[in-house]
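Chain nomenclature is as follows: A, B and C, assigned in order of appearance, with residue numbering initiated at 1 for each chain independently.
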């Protein structure tokens, strides 16, 4: 088996607060291979974005990586110096942000922002950098890239701006891309274009993509595998088809029930009762136990082992494949 | 955008007309021009003759128009105290004030931006916190006390720098400068610091808060995520965005510097227009006061206008939107 | 407002405690306890005000009574017995043998009197004009707010200087020293009304369209008086904040004008005048003539300023 592009082992992120130590990411492990898209899904506050930020080394203080290892292309990066980490950002790991309206510097032309990134990471002349910048824009489907390179961000529409953001994230040819809710701020019609673009670039370049989103629909359409997160922990991990058709974790099942599916017609959406607990007040045992329809005594005492969550296994004492029919 | 500029120019002219009216009323009604021209021994006939020749019998509007027309041509009347044309006296003293203001502004802007950026980037550092606390005290200090303190330390105790005057001045014909001689350069240091300190703290605090705000923006995070160097992020990305709001305040502070020069010039006996103005108030030299009022208004209004236009130069968003509308 | 009312049977409509009293009891005192800087500022301010008010009782000598002066006492350093008379002065004496401590106490009286009077003047003027502008509207509002805008273009100290100059021009030379203090109050007050007017106008605009004003108009009463009663409580806390900060600025403005020689006359020296006089002795070594008035002014300005800052944060975070 070849080395995965991204390999995360037992990653834990801590935030010390007056109320005690919070763990927005708690013992997570997963791999992403080249040319593969891993969808990371969960409610807001589940630790999806925090995981992405930890991988690229952009945790806001006072959050910090408490334990675990992160390997990119076989090299461990969570122990790098600030300078080495900065060099690997953009060059090895690219990141796409949620809101294209605020991710671009309004006072610099997109050409400036592209060429400065290219020159920072690749040893090329100014002319070459500009040529690459134009190429990068063409690749993400910006028409008349050569003319538009001197335009300012506000001269583009939202969808076009997100294409520019993608071009910026990919212009130094990273092998891993973290896309943090890349379509959430966009119109529905544009969303499909952007996810298709991501998918195409992933295949063409053989990049590993970590697609963070709360939208199950986007995952189903784009991702190869999916990781479901709940309250900072990994609930379930597996190939998209398996997870969608036969979820093992009750939370994943709840998520599926709560996702509208146009093909099934007008069945009433079922919602998961309650809300995700705050990090400071997690219940003992499985974090999902107050909302789970199948909770048993053990769920309220011991947390299910998250270490073993690999493809086809869930962090659940009683995975759904062992349950009988779902009660109505 | 053109419409906006025209509107702003029009507003500026209106303000100047109002100030001109105040200056004119001062000139015409507060000081008695007859008194100043004829002295105590005079006849009714004399008075009538002078009134007629000065146009004092004309309707108010005509007098106001003549006053403004003269002012525009640089004729502000005769100083009561020095019996010389006011324009001549001011022209003689303007270089001193402008030079002092320029050096102070450079000091305030340069150090203000530098310290603002520093305290924003190292906002948890000890040095940054010390600077911030010191600036809080600096803002509440009256200017003249700062001047006296500087004189005490650097002139009285250390005897490094002169405490008054302009030093040796070089006459360039149309301008006198103290910057070409060593004594002139020494002489300007303390007054320039005194004058610029308040503005410096103001600019520093503003740059700091704006910079902290900008550093929280998404595009800064994105720039970090692209692996750009801290230096490029702080200065190329963050500082440029910080400067948009800073320009307004800084511009307005330049006007304030010229006004506050009155105080600094008094402390350091700096032979500029401000000292002239204070003396004019002490001795009720109305033409000088009126002329100073007009000149400083032109300067203030002009600076305000330039600041507004600078906005367009710095922010491409305004430039484009302005062009479209 | 007296405590006796609590014994009486309560009327049907129970009088709510006034807004000011409410704030005072609930937030201010609590806030004050938590802010040592504000507490120290308040104490320093109160001590200085008390010292100024009680100056004739505290001051060892009356510096303006020629009979009490002894030229032999001139230039006594602080705390050291005079070589000729053997008298000791806490803060030394000036060239004429005046006790510096006493001149400071009397000077502070003038500084505070001018500062407080100017702020009250500015406050009354600003509230009145703001109320008129907001309530009457139309061209009167336009004129008032235009004047405010133009005035805001210029630093207030410049406006104050100009008003001083004009006032001097109107006064015959013989009376100039006599009216100097009132000219100062007028000049500083006129240079500082804009802030008050803006706040009050804003509140008036909000209040104007409320039903009770319309109702008052319908029954033929003037809304103005009623509005004043309703608006004042609303703007009480911002006005209080502006007034406190204005007081610090007014004290500094007064000191600056007096220092420049266009403020308080030598016959009624304020702290600024004392500093102006003291500056002359900077090079000859009699530092105390300058030092003590300067420190007093500094303490006063800083304490009131910090108090204003704290008040602003405590009462109304939106005003920042």
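Criterion: contacts are C-beta pairs under 8 Å (C-beta built on N, C-alpha and C of every residue); 3 or more make two chains touch, one makes a residue touch a chain.
What you are looking at is a predicted structure, and each value in this text was computed from that prediction instead of being measured.
**Q** What is the identifier of the chain with the smallest separation between its Cα mean and the overall Cα mean?
**A** The most central chain, going by mean C-alpha position, is B.
**Q** Of all the other chains, whose mean CA position lies farthest from chain C?
**A** A
**Q** How many angstrom lie between the CA centroids of chain A and chain C, rounded to a whole number?
**A** Here the centre of chain C sits 60 Å away from the centre of chain A.
**Q** Roughly how far is chain A from chain B, centre to centre by C-alpha average, rounded to an integer in Å?
**A** Here the centre of chain B sits 54 Å away from the centre of chain A.
**Q** In whole angstrom, how far does the Cα centroid of chain B sit from the Cα centroid of chain C?
**A** Computed from C-alpha means, the inter-chain centre distance equals 27 Å.
**Q** So in the complex, which bits of chain B are touching chain C?
**A** Against chain C, chain B makes touches at 15, 18-19, 26, 30-31, 137, 140-145, 148, 151-152, 156, 163, 255-256, 259-260, 262-263, 266-267, 277-278, 280-282, 284, 286, 289, 293, 296-297, 300-301, 304.
**Q** Touching chain B in the complex: which residues of chain C?
**A** That would be residues 150, 153-155, 157-158, 161-162, 164-166, 168-170, 248, 252, 255-256, 259-262, 275, 279, 282-283, 287, 290, 294, 297-298, 301-302, 305-306 of chain C.
**Q** Which chain A residues qualify as touching chain B in the complex?
**A** Residues 56, 58, 86-91, 94-95, 97, 99, 102-108, 113, 116-117, 120-121, 152, 154-155, 165, 168-169, 172 of chain A touch chain B in their complex.
**Q** Where on chain B is chain A touching in the complex?
**A** Residues in contact with chain A: 217-219, 221-230, 232, 236-237, 240-241, 244, 314-317, 320.
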